[in-house]
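In the two complexes that follow, subunit A is the common piece, with subunit B as its partner first and subunit C second.
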Partner chain A sequence: MSATELVTVTVDGREVHVPPGTGLVETALAAGVEIPVFCYEPRLGAAVGACRMCLCEIEGMPKLQAACTLTATNGMIVRTAQTSERAAEGQEATLEFILVNHPLDCPVCDKGGECPLQDLTFRWGPGNTRMTFPKRTFEKPIPISPAIALDRERCILCYRCTRFSESVAEDGQLVALNRGAESVIATFEDEPYLAPFSGNVIELCPVGALTSTQYRFEARPWEIQNVPTVCGLCPVGCNIQATTREGKVKRILSRNHPEVDEGWLCDKGRFAFTHLRARDRIADPLRRVRRRGFDVLSWDDALGEAAELLMQAQGRIVTALSGSETVEQAYALGRLMRAGLGAHTGVLPEETSPALDAFRLPLSAIRDAELEPVAERAPIVELWVKAARRQGAQVEQAGDALEGCRRLADKRNALGKSLRESERAILIWSGEEGAGGAHLAALAKELGFAGKPASGAFHLPCTPNGRGIADAWAAASDDEGPNPEPIGLLFVSGDEAAADPNVRALAERAERVIVNAMFQGLAVGWADLVLPGTSYLERDGTYVNLEGRLQRLRRAVIPPAPDELAWISKLAERFAVEVSPHASAVFAEVSERIYDGLPFGEVGEEAPLRTRSEAPAPQLPSEPAAEGKGLRLVRYRPLFSGPAVERVPELQFQRPAPEVELSPGDAGRRGIAPGETVTVTHNGTSLQLRARITKSLREGIVRIAAEHAGELGGTVEVAK
Partner chain B sequence: MAIRELTLAHAGERDLSKLAEYQAIGGYKALAKARKMKPEAVVEQLLASNLRGRGGAGFPMGRKASFLAKGTGKPTYLCVNADESEPGTFKDREIMLLNPHRLIEGCLVTAHAIESQNVFIYLRGEYLDVFEVMRRALEDARKAGLMGDVTIVLHRGAGAYICGEESALLESLEGKRGQPRPRPPFPAVSGLYGSPTLINNVQTIATVPVIVEKGGEWYAKIGPEPSPGTVVFSLSGNVERPGNYELLLGSGLRELIYDLGGGIPDGRELKAIIPGGSSTTVMTPDQLDTDLDFNSVAEAGSQLGAAAVIVIDDRACMVQLALRSTQFYMHESCGKCTPCREGTRWMVQLLQKLEDGRAEQSELDLLLSVCDRVLGKCLCALGDFAAGPVVEYVRNFRDEFQRHIDEGGCPFGGESSLEGTFAPVDQHTHAPVAEVPA
Partner chain C sequence: MARGNPIDSVKGFGVTFKQIFKKPITQQYPEYKRPVYPRFRGRHRLHVHENGLEKCVGCSLCAAACPADCIRVVAAENTADNRVSAGERYARIYEINMSRCIFCGYCELACPFDAITLGNEYEISEYSRDDLIYTKDMLLAEPIKKVPVADRDLYDTPIPYYQEHS
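So, the complex of A and B:
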């Protein structure tokens, strides 16, 4: 931007040049002056000017002004509390008023030591109190959900939480009740705050009014460490900090990556970490002993046993991956299985197509788009789509990948036509039929997105690192053997694979099974040998998220057993394959092959997105549309599911009910009312589920969470 | 002093709530005339009239209308502020009860002037009788085909004083919690549903037909130079004949209280006058010769406000009066901004302690300091409305405040009476308003 497009503002005598419309708080910051705030949080929408902490003197305005509600205009002269006595008095007044009824129970408050109210009082506030009356009291703490406790006495009514609920998550569940000094934050009708993003209000709260039930009384800020890493529970890859104390993860905080997550986390990412301490966590290798279940093995014995099993089954080994392995781990395992043990088969978590690399965009581009056909939901992506809708974008429900891609590619389709004309259109899709995004890439190409830098496409895979694993597995060796039958040995890598019914079905055909899992519950009954697994919070390495962004995972805590890379390296030695036990060294090898030699150290805390790259042109799906009058079933993996979520008590109430989702039109034609029990039939098998009617589904499509869908698939019929 | 009735003209003799009666006195002729004029021409008449808003702030209405953003591609809205709730005010109630069609005609003329098709009348929830009258009048006007392409929505508030603040009114009208918005943006640019919006008080809008009928210049010439026209004064408190009196601006305060109001009953002495509703600065008997117009009252150190003149006789303890006033504002503070929410509560605590005779000398200073820390620091005017008058009660009646400290109790010894002035705090809790049958 050239200087002529900037405005000049004087803050406390310092001139600063900023683009017109820049908020005054940011303008002052650019001049090196901090204007303290409580309620101001630009991510929550328009400023509200409620707390009055940012009072400043503006030349030409008789009264003190709330800086947060003003924007920079040319020639503006601002005097903050640093240089204006009136502003300083105003700020001190605000702090005095805030503290008049604040309990000042800092010594027992979780926020103490990292509390904006404490910090700002220390710097700007009065040293003494003039309040001699009893303070306002409320019942406390109130559990507004199993994960969140509310202390109304500490609340300073900045309305950040209610604004988040109303205008970011749009769940509308947090509200302010009563008026004036009796105002309190509450949940609507006292129902629990049941929403997928509820935990963000804990982090938004500038005092200790909203606290995490998991973190309450668990640590003090001076005895914790925050480890910057990436969430490994879904393909978005939100940037997080893992707070640790004495070798244990105590909480997860967001680490704002403005292109990926804008500082928001879903409740799974925030609260699921306690699965690290699940009661059935495996810390030692186990061997199946008939009748008695499992025996604990030493690592030497376990590796010996594993080597023997692998040796016996050479040539007939199948590896089932979870999609949550790091790039390094998948590569190491690929080296062991494919280079060390000859050509062997991998069951990758799902297809992933590199074709979308030609339509790559940061997730934040969703917010700025004008037209978005959306099929499916993913945690943080949902917030970006909501932000886009608030900015006036047209968001369309597009059906499933197979049918939707064909329909929109049709030149006669009206929505397809608008997509061709738009400069800022984004396709957001998922589903098993999407061929890992290949169909979507073909559609994007057909719609002419290749030449439009602000148009793009996202395929939402099921697994956090499916793309990274596919690339790493491919880089490990060039050979690919045939599917063995029967399978000599099934190697199950990770908990998601161990919990997958398809993998269990494979095991039926396998002579022996090695399971690498975190939880005993996932190994019982089918594993001959169990090797303890670790979580994403316990590993070093890299992940590739759904944008194609390579991000760095850091070990926050030491796992109770050696991590996978350590024993894969040891095991590989026995087959004369050299694999380092260190993520950095493995990455260097992978990087040489697939990441242009990028050094491990440069993956970065705020990883950039690689530029678009040309990819082979994929084909649009050619199969004819499903026959018959039935409804297409979309099986989806709900946010609150999986082995980790099952082990976190705070998340149980968020798990999906056994429901089938129907569009209002389809429900109406079948005379189905919301909440009714219906029968879903496919090929003679049927299931009883509760009907949920939602406007966010296209007609002709029904959705059932995979864990409730049983054997159903393809085309189904729904009847009362 | 002559009673000059414009908004309440003929309301004494006829039942103007009936459309035929209203038309018989020339009603809706201004509408017909306005609709033959270009919208800009109507706005010019309003500008020429120098009509100042009757809701309290006294901002020239024509200028406000001319600020409306044009060519935004969004609709323009007219909102009528009928959320009359300040202690002492009851003029809009009378206008709507006695002359509902005057307001409706004003709405339609103004809507024409600002090219709006949507008018919202935000009516105080407790005004159930007014609601019924207005509803019938609107129905009659609709049936008589007077509405043209304009829709008038009568919206009942839910019992919050703050919703009389224009931006809180808009929030409430949008279905949100009634709390003020920061300004800028001003409603003329981004008001109701983010669209250009004109908000005016009932009496302001009810005056518009007269201006269109007789011309802006004619209107500008009646009454004193910068504050022309008439105002309905709501006279209440300790006077013989309380009630609404529509007078020319510039009429004398003494005449209003003594000639029209019949003076103080039972031979008691006048102690204080609140000229414009509980938010305005208290005046003393030596200021009785002040003329009642915006500038003269301001020169006397107070505000004309909503022209709600409250007369207080010598039975009143001024500490109690300040306490009751502050209790009202504490009860009505919306809770959005810190100084008002916390300051009003603290002020009440300090005033109660003073009244009880438990306060120390330093606490009187503390009270003034708390007021000072509220004044000019809040999001809207409510904080100032609470703190400003308290400072003036202390300044004008400091001896009385001092005696509460020195004598360790109220010098009236329980004999003081605020009868007819401010209602006690337990009456602030409004009874549930009857639901209107659909």
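So, the complex of A and C:
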């Protein structure tokens, strides 16, 4: 930007040049002056000026001004509390006023030690209190949801939480009741705060009014370590801090990556970490024994047994991957299976397509786009799409992925036409049927997105690291082999794979099964040998998120059993394959092959997005033949599902109800009203589910969450 | 080096010579225990209110203040059936590692509830290091060994707040 476009502002006698429209708080920061704030948070939209902490003297204005509500204009002269007696007095009075009814129960308050109110009072506030009357009291703590506790006494009414609820998550469930001094924060109609992003208000609250029930009284800021890592529960890969104390994860905080998550987390990422301490966590290798269930094995025996099982299968091995392994783990496993045993068949829950690399964009680009056809969503992507809509973007529901692609590729389609004309258009798609984004890539190509740097396409897979694993598995060996039949051994890597009905079906055809899982519940009954698994918080390595961003995972806590890389490396030794047990060394090898030799150390704390690459032409699979008549069933994985979520008591209320979603047309034809119990039939099996009418669903399709769909698949019939 | 005055040397020997006829001040510990000053900082105590509730709320401020990092506090929440302290929270685990403590008294200063104080006992040697980790029960109980304390009035020591109020 040239100097002429900048405005000059004097803050405490220091001149700074900033672009016009910059907030005064940021302007002062540019001059090296701090203006204290409570309510100001640019991510929540326009400033509201609720707390008056930011009072400043501005030349030409008679009264003290709330700096957070003003923007820089040319020639503005600002005097903060550092140089202005009046501003200092004003801030001190503000703090005294805030503290009039504040309980100051810091010793029992979870915010103590990391509390902006403590810090600002210490630095800017009065040294003493003049308040001699009893303070206002409320019932406390009020659990506004199983995961969040509200303490109204401590609330300073900054309205950060309600603004988040209203204008970021747009759930509107957190509201301010009453007026003036009587104002309190409450949930709408005192219903629990049930929303997928509710946990963010805990981090937004500048005092200890909204606290996490999981972290309640668990630790103090001086007793913890924060480990910067990445969430491994969905493909977005939000950047997180794992707070640990005495070797245990105590909470998850966001770590703002402005291109990925903007500092927000979904409740799954925030609260699901307690699955690490689930009751049925496996800590030792187990072997199935007839009738008695399982026997605990030593690691030496377990590796011997595993080697024997692998040997006996004579290469007729299928590896079922979860999609949640690290790149390194998938590569190491690939080396063992493919180079060591000649077993080249790896099954991923979902296809991925490298063709999308040509349309790569950061997730933050969604906010700045002007036109977005959307089909289904991943958690944080939903917030970006909402932000785009607030900024005036046209967001269109494109319905079902495959059908939508076909429709938009058509030149006569109105939406397709404006997509071709727009410079900032983004396609967001999910669903298992899109051939991992190949259809989407073909569409993006057809729309001419390759030449428009601000237009792109996102495919939202259902696995956190599907893309990285597919690449790493492919890089592990150059040979190819046929799919084994019959299957001698099924190697199940990870909990998601162990919970997948398709993998269970494969196991029926396999002679022996080795399962690598964290939880006993997933391994009992079908595994011959169980090797303990670890979680994303216990591993070192890298993940590739849905943008194609390579991000670094750091071990926050030591797992109860050695991590996968350690024993894969030991096992590979027995088959004369060399694999390092250290993520850095394995990554060096992978990087050589697929990431242009990028060093491990450079996959930094705030990972950059790799540039768009020339991608191969998308490989379109043959389209599935329409089978029979009836309604096509779409099984989907809801956000709050999976082995980790099932083991977290605070998240149970978020899990999907046993429902079948119908389009209004289909429901009307069958005389089904919302909430009625219906029977869903497929091939003689049937299930009783509650009916729910979803307007955005296309006719001919029904949706059921995978965990409630049982054995259903293909086409189904729904009747009252 | 300057040469010493021979007279000074003789003076010095004179001082030594005079001591021979004085009564020795060696005390026979442990038969005789010399009283300590009332504000001597020795083994810690945790205090309870008159109604039996613990004063400590498990805030960990003492642990933050401790320069030897020898206090470990793990807090938990009071429930209706299990009320341990007066506030919402209490110390489920409270441990002081006496082998690391330097008896500086910062923990006492940091505590917002006068829950922890340093007592007068100094006989805390043990045969094993593990025995020097004092648990909450040990700190709440009366110390087993007692040490005589010099007359309070003599030393003009104010009665501590925690003994006057509870």
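Throughout what follows, the second predicted complex is superposed on the first by the 660 of 720 C-alpha atoms of A that agree within 3 Å, B and C clash if a C-alpha of one lies under 4 Å from a C-alpha of the other, contacts with A are read in each partner's own complex, and residues count from 1 in each chain.
The rule is simple: contacts are C-beta pairs under 8 Å (C-beta built on N, C-alpha and C of every residue); 3 or more make two chains touch, one makes a residue touch a chain.
None of the values given here were measured: they were computed from a predicted structure.
In the superposition on chain A, A:Lys63 makes contact with subunit B only, not with subunit C. Of the two partner chains, neither subunit B nor subunit C is touched by A:Pro486. By the touch criterion stated above, A:Pro107 is placed in contact with subunit C alone, subunit B being left untouched. After overlaying the two complexes on the shared chain, residue contacts for A:Ala181 are found with subunit B alone; subunit C is out of touch. When the two structures are aligned on the shared chain, A:Gly684 is found in touch with neither subunit B nor subunit C.
Applying the stated contact rule after C-alpha superposition, one finds that A:Trp222 touches subunit C and leaves subunit B untouched.
After superposition on the shared chain, subunit A has more residues touched by B, the comparison being subunit B against subunit C.
Against subunit A, the residues of subunit C that register as touching in their complex are 57-61, 63-64, 75-77, 87-89, 112-113. Those residues of subunit A whose C-beta lies close enough to touch subunit B in the complex are 47-53, 55, 63-64, 66, 69-70, 89-90, 93-94, 96-98, 100-101, 130-131, 133, 136, 156-157, 159, 175-176, 178-183. Remark: subunit A residues 105-108, 112-113, 141, 216-218, 220, 222-223 touch subunit C in the complex. Taken in their complex, subunit B has these residues touching subunit A: 160, 162, 177, 181-182, 184, 330-346, 349, 366, 369, 373-374, 376-379.
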